[in-house]
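Think of it as A, B and C in the order they're written, each chain with its own count starting at 1.
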Amino acid sequence: MSVFDGLKFRKVYSPIHNLDPRVKFIYVISIFAVAIIFAQIIPLLFLFVLQVPFVLLARVQRQWLRSLRGAAFLAAVIFAVNVGSSFFYAGYKIAPPAVESALALTLRFVVLVESSSVFFLTTSPDHLGLALEESHVPYEFAFAFTTAVRFVPVLAEEAQTIMDAQKARGLELEKGGLMKRIRNYIPVLIPLIVSAIRRSLELAEAMESRAWGATKKRTNLYSLKLHKGDYALLAITIGILIAAVYIRLYVPIPTIVHLL
Amino acid sequence: MIEATDVRFSYASKIEALKGVTLTVKDGEFLAIMGQNGAGKSTFVKHFNGLLKPTSGKVIVDGVETTKTSVASLARNVGFVFQNPDHQLFSETVEEEIAFALKNFGFAADVIEKRVTWALELLSLAQYRKTSPFLLSGGERKRVALASVLAWNPQTLILDEPTIGQDHEQKEKLTQFILQMQAQGKTVVIVTHDVEFVAECNPRVVLMKEGKIVAEGMGKDILTNPQILAESSIVLPQIAQVFSKLSALGFPKNVIDIYEAEKIILNAVGSKQR
Amino acid sequence: MAIIETKNLTYTYPSAAKPSIAEVSIKVEKGEFVLITGPSGCGKTTLCRCFNGLIPHFYQGEMKGEITVAGEDVLRRHTYEMAKHVGLVFQNPENQLFALSVEKDVAFGLENLGVSRPEIRKKVDWALNQTGIYDLRERSPHEISGGQQQRVAIAAVLAMEPEIIVLDEPTSFLDPLSAQKIFDVIYDLNRKQGITVILVEHRLDLTAKYANHLIVMDEGKVRFEGDPREILSSEETRLIGVGIPKATLLYKMLKKDGLNMDGNTPLSSEELAEQLLETLRAK
């Protein structure tokens, strides 16, 4: 199941992986905000390039490039739609400024996708779960998250087993027209759903038996402590935000068309 | 007949689950494939109906190589009963559940009707014909799963861990059932780690460990050889355990049947009293 | 005082036609190793869930009679309060572990109870050591074997230091060797820590030798209760459908054939072998 490979966190230890997820999250949100402030290519390009040292430090180049490829299709669509609509409204003319702004919007999309990709590639589910627990998000939410992640590989395996069991009874999933093929999946979906329901009941029993709900003030085996690296990233983030606001307000940004 | 020749198999994660397995299962044989969890038993057995295809080596079922045909066509003659019946049950009634495979294989409606009735009778499920399978107990659901495989009358029956969660009586009925299938000339392959169950049935035993076959022979001999068992993390059946400690008295070691044990001991007592 | 006492306990699941357990009256003393067995559907699973309050609080339904566990009236206490006294280990290893690492799972109950972090650390480490899985503590539950998962479940329950641990067919999915390891762990906890153990099992050949108190159930009622050796040598027990250990059966057969053996009814192959050696050497 290659889809789930992307979610399988690889145990790599790098300075980026060890950063507090909450700080990384603040960083990513700030990048988002800055990306939205600007609509010109130069600052957006700068933001994009800013991700690269993080990616290299975290040694997740290959996965990051793969997610870039994944975003490429949607990016192309955004570009095409923007150029297309300006084409129509400008009276069937392609004006360079229009192309440039379409490119900028596409780049903005790419920056948003890529910075969140870096976040997820460098944060293990446990770490993320812990961050959720420590950040005053209601515990039920954090618990639902970690439990879901914990059971993804289990459910994937079970789906495979169910498909095998039904194939062994002569079910041919790939046969027939579209409607038939959709109906073919009923013998796979129903056992999967029933099994998921049974599983949740068993989990609930286990939770209750281990004092779930005993107190509102739940404690934690682990705790997240901020280290030097976290403070450094926080400082960088604040720096970027201040610089961005300053530039936006006071520094005029030339367009590529202008420069040419 | 099922012939596996030097079968190697690796999952997508590159873990080699089978490291060159060669085995022939003749028609009408009764075979137990045993070994620790993770030895590769289920992985191997899934090659018999084409669910898995070897990474190298060949599996030939009734003269057809499994890579050259579909799971559906292999399943026609090789019935596979999975460990957890809940992985199969999805229909509104037991009747429909049993008819599912028959419909997939293209049986005519009147034949389906007859086969369903026959399977229901065979497994004492007639009163549940119109019941939803989800409302039945665990043991009953297992019988429905079994019935749904028997319905299309495959020559070979593969049972994956059939004794898990079963109580004593259910296991006895299962033993009877297997012997009945055997008597009808069916090939029966069970994948199990339940030594007591195998000791009761005394089939041909194939012992697997870490993707390889490490021992092969009659249950009586394999299950009473402490070295072989220790290597593959299987325990001796109780009767054999008793006799392994009585070797000082000159008793044979390969005893797994309780009645044979009784005879041997009484003989020994008798001869001492003479 | 008995650590568990029930009087005429009767329970019917919601929308069930008849009770799953009826008029169950049992007494369990502190430190006992109780084995509950019986054919499928006899009510043993239902009874287990009464001990920590899952029945009736989680399952609703109709409950009649009395049940006192560790001095508490189960009907009047929340399940989370009973969790401090009774730990429940279930059949399916996979569905009892929620966290992404073994030690976080073992800590779950203590976290729920609001125990301080250093205390949690101490108890988690202790429980991990007791069950022999300390080096697995940072692994993810999905990576470890079924037997190891069950030991995590036991550790998770043990960490809350209950007086009683109830295990409902904990080895159903495990091979005999892993099952044996689990029983060794449980027996150890019973002997060394004095924890009262209630084990529900079919495989009496593996477990009968540990118990000093056997309860046989059938169709919701308790049929026999008392000394395992007596109960397992009775023909009535066999007729209910209980899987008598082969060693015990062979002993009975030999006795019937006239072989005179001194000593107690054996419950394991070791005990039978010993007796046979004595008897046959003496002659």
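One rule holds for everything that comes next: a residue touches a chain if its C-beta (ideal position, glycine included) is under 8 Å from a C-beta of that chain, and two chains touch if they have at least 3 such contacts.
The shown structure was predicted, so the numbers you read here are calculated from the model rather than taken from an experiment.
Visitor: Please identify each chain that touches chain A as well as chain B.
Guide: Both-contact set = C.
Visitor: Please indicate which chain is farthest from chain B, where distance is taken between mean Cα coordinates of the chains.
Guide: A
Visitor: I'd like to verify one number: the distance from the centre of chain A to the centre of chain C, where each centre is the average of its C-alpha atoms, in whole angstrom.
Guide: Measuring from centre to centre gives 45 Å for this pair.
Visitor: Report the inter-chain centroid distance for chain B and chain C in whole angstrom, where each centroid is the mean of the CA atoms.
Guide: A distance of 29 Å separates the two centres.
Visitor: State the interface residues of chain B toward chain A in the complex, per the touch definition above.
Guide: Result: residues 46, 49, 51, 70-72, 75-76, 79-80, 82, 84, 86-90, 100-101, 104-105, 134, 148-149, 152 of chain B touch chain A.
Visitor: Would you mind writing out the residues of chain C in touch with chain B in their complex?
Guide: Contact set of chain C toward chain B: 38-41, 91, 145-146, 169, 172-178, 180, 202, 205, 241-243, 245-247, 249-250, 253-254, 257, 259, 269-270, 272-274, 276-277, 279-281, 283.
Visitor: Which part of chain A faces chain C closely enough to touch in the complex?
Guide: On the chain A side, the touching residues are 125-126, 129, 143, 146-147, 149-150, 153-154, 199, 202-215, 217-223.
Visitor: Which of the residues in chain C end up touching chain A in this complex?
Guide: Spelled out, the residues of chain C in touch with chain A are 49, 52, 54, 57-58, 78-81, 83-84, 87-88, 90, 92, 94-101, 103-104, 107-117, 120-121, 124, 140-142, 153, 156-157, 160.
Visitor: Which residues of chain A touch chain B once you look at their complex with the stated criterion?
Guide: 158, 161-162, 164-172, 186-187, 190-191, 194-195, 198
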